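Mind looking over this structure? Questions follow.
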Amino acid sequence: MDNLLKIQNCNKHFEGNKALDDFSCEINRNEIVGLIGPNGAGKSTLFNVITGFILIDSGKINFDKNNITNKGPSKINKYGISRTFQDLRLIRQMTVLDNILLSFKKQPGEHLENVFFQNKKVKNIEFENKKKALELLKYACISEKAYELANDLSYGQQKLLSIICCLASDAQLLLLDEPIAGINPAMIEKILSIITELPKQGRSVILIEHNMDAVSQVCNRVIFMDAGKKISEGTSEEVRNDPRVIEAYLD
Amino acid sequence: MPLIQIFLNVLIHSSNYVLIGISIALLYQTTRFLNFSIAAIYTSGSYFVFLFLRIFNFSLFLSIIFSIFFCVLIGFLIELFLFKKIRKKKSSYLISVLTSFGVYIILQNLISLIFGDSTKSIRSGAIKEGINIFGARITPVQIIIIITSIIITIFLLLFLKKTKIGKAMKAVANDAELANISGISSDKVISISFAIGSGLAGLAGILVALDVDMTPTMGMNALMMGVVAMIIGGVNSILGIVCGALLLSLAQNLGVWYFSSQWQDAIAFVVLLIFLIFRPQGFFGKKFGKANI
Amino acid sequence: MKRIIIIGLIGLLVVSSFVFVSCSKKENIIKIGAVLPLTGDAAQAGVNTRLGIDLKVEEINNSGGIDGKILQIIYEDCQGDPKLAVSSIQKLISIDKVSAVIDNSLSNVTLAMAPIANENEVVLLATGASSPKISDAGDFIFRIWNSDVLEGDVVAEYAYKELSLKKIALMIINNDYGLGLQKVFKNKFEGIGGTIITREMFSPGDKDFKNQITKLLQNNFEAIYLVGYPTECSGVIKQLKNFGYKGIIVGTIVMADPIVQKAVEETGYDCYYPIPKQPDQNDPSVANFMNTFNEKYDQEPPMLADVGYDAIDIITNALIDSKGKEDGILIKEFFYKMPEYNGASGTFKFDKNGDVKKPIIVIK
Amino acid sequence: MIYLFHIFILIGIYIILSLSLNLIAGYTGILSIAHAAFYGIGAYIAALMALNFNSPFLLNLVLAMIGSAILGALIGIPSLRIKDDYFIIATFAFQIITFSILNNLVSFTGGPMGLPGIPQPVIFGIKISSHLSFLILIVILCIIVYFVCNRIVKSPFGRILKAIREDEVFTQSVGKNVSAYKVKIFMISSGLAAIAGVMYATYITYIDPTSFTVMESIFIISIVIIGGAGNLKGSIVGAIVLVMLPEILRFVGLPNSVAANIRQMLYGSLLVVFMMWRPYGFIGEYSFNRNTDNG
């Protein structure tokens, strides 16, 4: 079995609303899965559940043989899941470079005692990380923005940056919440090309997206969900032609 | 243990905590920050009465009416010249909190500059023994305080439930932007809640001063008790605040009874901390729904 | 640009403070410092004392000053805060170069300032501080207010012997004043055979005492010993009445304050409290004080105005004695050898601790 | 001259206080009005140790810092559950309770009578008693505290603090244990505040609970804000300006009856004016504005 992520029978209620209703799915290694569905279907809730920002009422989530059910967000990130947010979160008052540096894992300088000791080691690793970060920026073709505030980037560049932050954290699974919504076509191309590259680096992706063309372009598999339930699963073609999906959209 | 007396004490104290608590909660709901300037308006209420009553020789009733009017005016002006502008800049709650604290310092010192620091009284008539109820004592003024608080609370409850403005306030409290979109002017609603909150705070100050006189620094303590009542009860529920006020004054009373009177303040704030940590939504507050992500 | 403004601003602050420091001393003026709580919870005490001080200064300057020099008081507001008081006295001594410092009724403030006064050899004359600890605060520390030891003893004895009270409840303000007096009173009263039934406390600035009174009145006693400042005391008395308390109230000298007097009058309680023996209108110095005060301010002298008045008077006497030489040591020596002084607040004489034993009588 | 030394010593004490509070308020974005409580706890621990056990100054200093840091963790932990306004109120509660304990445990803390006669520090056999030597000591301590704070905020550790200030959720999502960082920074901040407390206690040689009230906390916050939150130099500027200002106002010659009230009103106005028109303070980097109001 080559499951990276396995979600089993997850339930989540919000004041009577079922945000997740007995939801199960599996994500394989090196796979890009599209998660689609109408607004309020529970897609972002699913992301929040996987990354530990929302606790589930029942069910089980396994990641890479670890049980990550209802673990804290920072812990889950350490297991190797990284995410972006629908409302695009970044540390806007810090530079682009700092945002990426923040995302690296296992930084000795982040331990309090190392603020005063092991100066050299901290400096070396900080230097290494900086190099890696600049490489990543180069890869994304925005290295000239490295020392600007994240806030001063264009919307598309910010979305790009949030994906670069995920890359910096060296995650095996990336959860991308509408990474190309509302940005210009050129930027969409760039982001999609980065996403398609990911399986080659040994990473998997779950992608929430409304743009069906993009989804069919990059995703190996598509999951359609509505009202917290998984309605349909398969290639984008299959899902698109599934009568239950059509029905859900008509509602 | 004099149960009846303790019961009466709790009633008197909590009727005051309720008024100031609701006043703070109204403002908190619509503006989303803790407004310290309410403490100064609370104090101003009683000092305005003193001004009209003792210096202009108005009747007590007329003084109170005028005084509440002026409290409303002050609240309205503060909102207009400070907090509205801060909101326009989309500044965070901290800026508003600190501004309101500055306003409190200014107003409180203004009052002590004008009236001096010693106790001032607005009672009328001689100091009499309270009415004896099975050995417990309560004065007519205290009865009036309790009744007024109950009436005002019920009135507010109905006002928020039934009237258009009340409903608009609820809408703004839930989501100011959404309310704006659906045609409710959040600025207007906030102004109204400032007016009502200030009036309430002024009235609370007057009622206390009728019972136990006044000093320029009395507002801060009252504000904190109101905040404690509000948090224990839950910001969104008037009934919750009533319960919070009752619980707070009961805890203080029993604290004096079982421990010692010097721990009164500490007890109130320990109760507050317990609630903040274990039940931050208060008695009747709904548990936070969706995590704010 | 921003940086320049800020550096400029700080520079300005520092320079201006140096300018102030180097302000030369003016001729023909004798400066006396007064560190009083002019704002905050204890402000009333400070404000009252100032009335007395201003009155005496005006009298002295109208009659030609001291050796042709004009007396000037420099007030500092300590807000009842020891830290501010320390700053104040530092400033008074090293910048204004005052000849002496007067302070007010807060013992913790006096205790905080005492080391500085001693170090700089400037007399610190407390007008109302009553903590027993002040007796040992140093050579340069004087007070013209009785130590609590004296007052508590007298009142306890009076309550037991003259009023034949055997069971007393305590109602005490929770600060050094209240706790200090409570200790003295309790020791004395229990020592001579009385019983302290219970004790309730309230904080400075409290206005509502219902909880405490409710608990207090559950006990069986003959009188309440009430210690607090005028604001709280008047509140307690009024609320005791509301609760239907019928017994006696024994108090401190604070009861002499007009605010408390008014409360006692309105409630009609039997209220016994100690005062320095004499405020007897026939005494010329007292009568003079009462009259001039009334003339100037159009009101009866409130509590602590008389000690402010006397404080200036004895400092003036010391300065005249030293021929206008403003030397702390000379003033100190004058105080120690000063004969019995008859002033607005009674007759007194400093003992070796710089304390006075004003004769106390208990009045109703 | 001594008066100036005295003012500079006070400025030094407030620089330490505001630098340490800046770590929480300015860098981590958590507003706490319990800072005077830690200041007081430090002062009391050192004073009680010196008075009861006659223990050496440096030991007292270290113990005060540790004690205060432990209590700092105590208030840091609720900050994980309690947010924003409610946390301000919680710190307020902590402040009141601390005051109440200092004031009411008479047999232990001396209660309202305070603790007089605190011995002055002796460091390596040198007795620090004159104003000048105190000033030198406080300057040294200020430099050390500044160095420590500077090291913290410039390090990757400090980067996380700033990230928490700007967006807690994002910081969590990149794998940082926000709770642990909050507790740690609270401990550091309270420990540093204790240094100021120890210096105050040994300088004035007398402490009582009224020096460590809510008003004191608010004064320290005002220093941080008016100086500039999120900038260590801002704290120094703020401390100099706010401590000097009332001292200078002493010389302005306002009529006595109104001077104190007017001084307070000026102080209130300063707060309002800065908040309204210059929330960054003199040279701050953080204006208490968050891009995201939740998290």
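Some points to look at:
To keep things simple, chains are lettered A, B, C and D as they appear, and every chain counts its residues starting from 1.
Everything below uses one rule, namely that a contact is a pair of C-beta atoms (placed from the backbone, for glycine too) under 8 Å apart; a residue touches a chain by one contact, two chains touch by 3 or more.
A quick note: this is a predicted structure, and the numbers were derived from the prediction, not measured.
Ranking every chain by how far its Cα centroid lies from the centroid of subunit D, the top place goes to A.
Put simply, the chain closest to the centre of the protein, by Cα centroids, is D.
If you average the CA atoms of subunit B and of subunit C, the two centres end up 36 Å from each other. Inter-chain spacing, taken between the CA centroids of subunit A and subunit D, is 41 Å.
Distance from the subunit A centre to the subunit C centre is 71 Å, each centre being the mean of its Cα atoms.
Rounded to a whole number, the gap between the C-alpha centres of subunit C and subunit D is 33 angstrom. Chain contacts: subunit B has residues 109, 112, 262, 265, 293 touching two or more partner chains.
Contact of a single residue of subunit A with at least two other chains is seen at positions 53, 85. Contacts with at least two other chains are made by residues 39, 43, 47, 174 of subunit C. For subunit B in complex with subunit D, the residues that touch the partner chain are 28, 32-34, 82, 85-86, 90-95, 97-99, 101-106, 109-110, 112-113, 224, 227, 231, 262-263, 265-266, 269-270, 272-273, 276-277, 280, 292-293. Of all residues in subunit D, those touching subunit B in their complex are 31, 78, 81-82, 84-86, 88-90, 92-94, 96-97, 100-101, 103-104, 169, 218, 221, 225, 258, 261-262, 264-265, 267-272, 275-276, 279, 287-290, 293-295. The part of subunit B that touches subunit C in the complex is made up of residues 1-2, 5-6, 9, 12-13, 109, 112, 116-119, 126-130, 132, 137, 139, 142, 208, 211-215, 217-218, 221, 252-253, 256-257, 260-262, 264-265. Residue ranges of subunit C in contact with subunit D, taken from their complex: 2-3, 6, 9-10, 13-14, 16-18, 20-21, 38-39, 43, 47, 50, 75-77, 79-83, 86-88, 90-91, 93-95, 107-108, 111-112, 115, 131, 133, 174-176, 178-180. For subunit D in complex with subunit A, the touching residues are 148, 151-152, 155-160, 162-163, 166-167, 169-178, 184, 188, 285-286, 291-292.
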